[in-house]
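Letters A, B, C and D mark the chains in the order given here, with residues in each chain numbered from 1 onward.
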Amino acid sequence: MHQLLPYIPAFPILGFLVLSLFGRKLSKPVIATIGAGTVCLSALITIILGFSFLQTEPPGGVYDQLLWSWFSVGNLSVDIDLRVDALTLVFIFIITFVGALIHIYSAFFMWHDGDYARFFASMNLFVCSMLLLVMADNLVLMYLGWEGVGLCSYLLIGFWYEVPSNCRAANKAFLITRIGDTALLIGLFLLFKEVGTLNISGILHQAPDQFATGSSNIVLITILLLAGGMGKSAQLPLQTWLPDAMAGPSPVSALIHAATMVTAGVYLIARMHVLFQLSPVTMVIIAIIGALTLFVAGCSALAQTDIKRILAYSTISQIGYMFLALGVGAWSAAIFHFFTHAFFKALLFLAAGVVIEALHHEHNIFMMGGLRKRMPVVFITFLAGAAALSALPLVSAGFFSKDAILWYSFSAANGNPLLWLMALAGAFITALYTTRLMLVVFWGETRTPVHRQPGQGMVIPLVVLAFLSVTAGFIEWPHNMLHLTLFSAHVQKVLPETLLKTTLPSESLFQLIAALVTLAGVFLGYILYYGKPGIRWQQSPALAGIREFLFGGWKFDQLYNFLFVKPFVFITRINKSDVIDKMYNGIAQAGLRLNSWFSVSQNGSLRLYIVGVLAGILFIITLQLLL
Amino acid sequence: MIDSAHMVLMVATVLFALGLVGVLTRKNVVFMLISVEIMLNAAGLAFVAAGSKWQQPDGQVMFLFILAMAAAEVSIGLALVLQIYHQHKTLDVDRLKELRD
Amino acid sequence: MTHLQFLALLPFLILATAAIVVILLIAFKQSHTVIQITGFVMMCGVVLAMWYVRDTLPREVPPLLVVDGFAALFTGLIIFSVLVVGLLSYIYFEEREENPKEYYILLFLATLGSAVLTISRHFVSLFIGLELLSVSLYALIAYLRNRNNAVEAGMKYLVLAALSSAFLLFGMALIYMETGSMEFTAIGRALETSGSSVLFLMGIGLIVVAIGFKLALVPFHLWAADVYQGAPAPVTAFIATVSKIGVFAVLIRFAQAVHLQQNTLAVTVFTVLAIACMLTGNILALMQQNIKRLLAYSSIAHFGYLLVAFLSGDAGVGPTVFYLLAYSITLLSAFGIITLLSTTRRDADDLSGYRGLFWRSPLMAAIFTIALFSLAGIPLTAGFPAKFFILTAGVQQNMWLLAVVLVLSSVIGLYYYLRIISTLFAAPPLTSVKERTLHPFFYAATYTSLVVLMCLLAWLGVFPGFIVDQVQAFLQF
Amino acid sequence: MILVWMIVVLLAGGVLCWLVAQRNQLICRWIALIAVVTAFSIPLGWYLRFKPVVTAGNNWLIDYQANWIPAYGISFHLAMDGLSFVLILLTFLLGTLAVLCSWNEIRERTGFYFFNLLWTLAGIAGVFVAMDLFLFYFFWEVMLVPMYFLIAIYGDFNRRYAAYKFFLFTQTGGLLMLLSILAMYFIHGQQSGNYSFDYFTLLNTTLNDTAARWIMLGFLIAFVIKLPMVPLHNWLPDAHSEAPTAGSLILAGLLLKTGAYGIIRFVLPMFPQASAGIGWLAMLLGVIGIVYGALLAFAQTDLKRLIAYTSVSHMGFVLLGVFAFREIALQGVVMQLLTHGISTGALFVMAGMLKERLHTRDIDQMGGMWTAMPHMGAIGMLFVMASLGLPFLGNFVAEFLVLISTFDVSPVLTVIASVGLVLSALYSLRIMQKVFLGQLQTVTQPPADLSAREWVIVAALTVAIVFLGLYPQPVIDMVGGVVTGIVRS
């Protein structure tokens, strides 16, 4: 089986090479087949691999395939080596499967775009790097994938590069994630210095005897890794790039900025869980960051008017949930939420893409409305996604994953009522803005006419995803209702069990509260936004300030602009022509001045020359008399 | 009491100094030449003195050489003086400043 | 005077007769060409004679002269330079209005003087040689009396030279007064027995002044630029090479005799002079637009470098000879270019005249460039090993101060050499260079000789080993 | 012997070009190309034929010695070990590309141009294999003079100033080095009575600390001026931006490398203690260089000047790595030499192509080039990413190795250096955005995309950089022996 591993990333990279080299010569159908086909193939392989994995567990629970030795110097040796275990399996399944759907969708969505080939080339490259990221067996190779996805995200956000704002968004995304990446890199250095290897399994084995729990080194390492994760996963305070990243085409947002890349941080932390367990402090920090992020982003989502920005903020906040789960040690819950989230958020973005496409690239939800009748399919699928996002009890995948997180945020060993309350508030807000989105877009009266209905090729992925975002949750049920733990059982081959507090109130109570809160959110949304009043509420001057504040994403951009960007630009501007250069020019000037002084002596006067000779004599004589 | 040779040497030195002062102070080329002649002769005198000190003829031999040389020098010098007067209509050295930085 | 001694002096006698022969030729109204060729032959005769008598060397001709390998080397150097100068002179004077014939008398007399300097071991011979040299130089400098202020240059040189020789004589007198002898060796001996008195030191000082004047050492350098500019190009070349070589030779000989390098006082004096030369020369040249003046300044700097070798005593003689050789070849080729470019009216000494020379006549520009690189001491040219050997000598004697100053000042120097070079390679002006009518043979001859010089520069630059060995061999006896 | 041929071919080819050029420029170009390719094929063919394996004991693959100036103990001594070999290969690779990319750029005075180009290459090749200090200095200068002409004659508007600056800076360093060489020569001579400039002889000279420090400084200054190290870097931006494309390519790709090579070959082995003494200072300066160069690069609007400052920044890593005295770091440094040569060289080549098309170097007047030239855009993206150290491109491997092993020498410096990575992202993306992205501004007809000749150039560079990024092991093994040797001493 493990011989199959290389093919999973190989097909997309192949597609990338073909498209990037000959893309301009190929016809669109061919491009589409190559672009989508390669990903579908690797999805297929992944599924085969998955089945064989689930039937007969490989020795050590790992498929491992060494390709070649990348570089080895002294005691540092790094291989290009792929490995798949239970955790990775979940990720590559999502990457390839959802990826394949999105590719199919894009084949139609991007049909009218001039740069068809470039789009698919970048998408394939992305899939490949993302696969390498999760399949790498050492951190350097993972870093390769890590940077690779960053590159592709940059390329795809700035896909329509003629528009300067898109380029700015792309740069912003790349730079902010780069900051995180650098922290991660430093983390790797420290790890290598302490453990002496960068091989993941090696690290995970040696770490416990290498570090005392909570020792300064391990805390530092985990913090640095965490910083890397925060950058990629758009967590506070590095979240500002994600909303702007929506400048890219919708499929890109769906694949990169909802389903896969932004969850790389989650993967990293889950992957290195042993280290993080050794440093409780970091765990707490992760939990707090997650809680804060989910709240902050949720609030911002409330005030957005751009459909994709709403979804972007909701993504941030959902990843916040995952971090919260990781923080409290509910590893499987976090991964499970990633799993479901991938489906419904991808779905939402794709559906949003259809809507935007249908309405002449209209992004403002308040210019939409009344689409329920005119785009029924989209409406249904979007509804499914929205339900999952706001975690409607029992009928949505979101419920099962999010409910678990809520429960663990209270009950897990290092869970805490405060975190729980935050999460609960987050759930409420989520429900609220999701309802707002639904009502404003699909109810009310028409504001923009629909000029094109989505083609079959775009609908099918929507339907598949919609189905999944309803049903995906059913593989994992809470303990108190038909205790079904397919998923957690699977991932817990790699990840540790979630430790619970000793004495706990009944879980049902919490589920009830959660469900009620969600419904309350929906209900409030209904009151506020059903029909006219919502609009008025939206424009009420009393709330302008707060709305403005939230609309700007809590003004983080302005803050950073003031703190970092402006000073940096200022410094570079003033020193454009290198101060050190002045010094050398000064020396040169001095030389020339000397020259002009000396040449005064050459004024052609014979008498002066005689005086010169005399001066010489006197000098020599005096020297002699002195010595 | 210093011997005669050194006395003469002092005289020569004084002469030499006088010549030097002359070269420095006179603007007229001819006078400069004359002053140089004085210096040369001063040197010659010094040689004679030295020769007498060591009871050797060399000093006087040297003096003869000096005379010859001085003559040659002056002859060329005067030729140049003529040319200068011919071209610049003056013998003032301070006017000879064509060549300079 | 024994037969052998006479034999040893043969080259110099031939040199002397050369002048007389020229006088006779003039008397018989021979043409410029004939004179030129005869002179050429005579000079070759000198070299041959030198070769012929080489195994009778070294030979003392007491009390005045000594002919040894050292002298042979320097004389050879001088004759070599004169050969080239003569060739240049022909081109230069061929279509000048003045009658060039007497010029050669003076030229050969001056050469004789300089040659005598190399073999002199006595104040008298030193004095005679020096005066022979300078008196003929007065006339040579002012030879073209109606062109670019030659007369002014001659006058300045005359007055200052006469002054300096007055100092020289007075210094000699003082030393004679102290030591009772005018032979270098005797003086040296007298010095060891009866230490150095004030008078003696003053004598030395005054002599140094005269020497320094002839070598244009700072602060006796002020005449150099004016004279270089005023004199006809070949004469300038002569001053820059022949006269300085001779004087430097006698300086070395004198220093060896009286062990100047052991005398801390003299060392201090020369060190100061050297540093002053290196810095002043290079700084003065920085912005100079007149090539002849610029070469004057650079030669000041170069003799500063030479002093470094001189200060390092006997170890420095070999490097000195090599340096003088490289230096004279370089300067001669440079002045050769200047001569070739000079017009009947004025010398080609303005830098602007050289704009884009490379694209007009690549060969000339190449020669000039290589010469300049050699002056700057860039590898592949003779200047590099020369400077390198001097540095070697300096470092060997742990004269770090001098070495560092040498390095830094040659960096300064680099700037103005590069300035000229980049002018040579700049985009050419639209004005075309004027055609000249010359005796084709001599024109060709000059060209070929310049090319030969260039090749010599390159050869010395890449394989200095051979010459170094030869020099060492000569200095042995 | 092949080493001699390698150099001779270039010298002869150069002269031939000059002579032929008056008749026919095309032939002259071809001669130049053939000469370089032959020179390239010599060591390559030799390698393929003998497949030399570098054993830890003896790193020397080839050794050739002949008398030169015996009176001074100067010999014509060439030798090649793994380090020299990889650098030689780089030299000729870039040399070939340099000839190719000046194919149409240089239209008049072609002969003299190629003469200088080939002689510079010969000098560089000589520097990499010279094992006699005098000879080394000789080649050191030989590569300067033709380069001076390349800049001063064929350069841009401000060429003279740039050329002076370049020559004076490097010459100052060179002469100081000459003094140091002489000092070594005499100290060793006085100790052993054997006066020689031979590298291997001088290696086992015992120096007292003060002497060692001063002599080492002499060498080091010469080399760090070439490298260049802040604050001695000022010649570089002018020279790089004014030089013709091939000139910039050679300057950035090769001349800078000679500095690093000098440090690795001479400074470390000859003065282990002395260089260890100033190690921390050098590392500090290296880090300063990284950051300072990046800041300046970000500020520039002249494309070539921008790229020039990026190499100041990248060479900082070299200094940092060399003076960490770690095997991994040194490997990283060598890798950095190669990859920087390729990536920055490629960027300069592109700047040249853009200049040929747009007749400007000002990035504010560019933009939207991707629309006009998608291929160049893609390649440009690739090398921009290389210069910001994206994995799977060579530069990442280099910088990663350097940083990971400097980390346990001095974490603080390493962290600051890593900040340099973020800055590198800043300026690299700026290039991308200003040049290739955005609206196509040129009012005239859009410039043509890569021609076949240009394809060859960029393809070669691309393959090289990707290969080094994904499979650097051969290089690492090649220089392994040298590096371990140095680290042990």
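Quick note on the criterion: contacts are C-beta pairs under 8 Å (C-beta built on N, C-alpha and C of every residue); 3 or more make two chains touch, one makes a residue touch a chain.
Please read these numbers as outputs of a predicted model, since none were measured by experiment.
The greater number of contacting C-beta pairs, out of the two interfaces C-D and A-D, is seen for A-D. Each chain's centre was taken as the mean of its CA atoms, and the one lying most distant from subunit D is B.
Note: centroid distance subunit C to subunit D, computed from Cα atoms, is 43 Å. Taking each chain's centre as the average of its CA atoms, subunit A and subunit D sit 38 Å apart.
Measuring from the averaged C-alpha position of subunit A to that of subunit B gives a distance of 97 Å.
Distance between subunit B and subunit C, defined via averaged C-alpha coordinates, is recorded as 26 Å.
Multi-chain contact residues of subunit B (touching two or more other chains): 23, 93, 96, 98-101. Residues of subunit A in contact with two or more other chains: 599, 602, 604, 606, 610. Touching chain pairs in this entry, ordered by label, are A-B, A-C, A-D, B-C, C-D. Chain contact summary for the complex, subunit D toward subunit C: residues 67-72, 74, 109, 134, 137-138, 141-142, 145, 148-149, 152-153, 160, 163-164, 167-168, 171-172, 175-176, 178-179, 182-183, 185-186. Partner subunit A is touched in their complex by these residues of subunit B: 20, 23-24, 27, 93-94, 96-101. By the touch criterion stated above, subunit A contacts subunit B in their complex at residues 599, 602-607, 610-611, 614. Interface residues of subunit A, counted against subunit D in their complex, comprise 20, 24, 68-74, 76, 80, 118, 140, 143-144, 147-148, 151, 154-155, 158, 161-162, 164, 167, 171, 174-175, 178-179, 182, 185-186, 188-190, 192-193, 571-573, 575-576, 578, 580-581, 583-584.
Within the complex formed with subunit A, the residues of subunit C that make contact are 155-156, 159-160, 163-164, 167, 198, 201-202, 204-206, 208-209, 212-213, 219-220, 222-223, 225-226, 264-265, 268-269, 272, 280, 283-284, 286-288, 412, 415.
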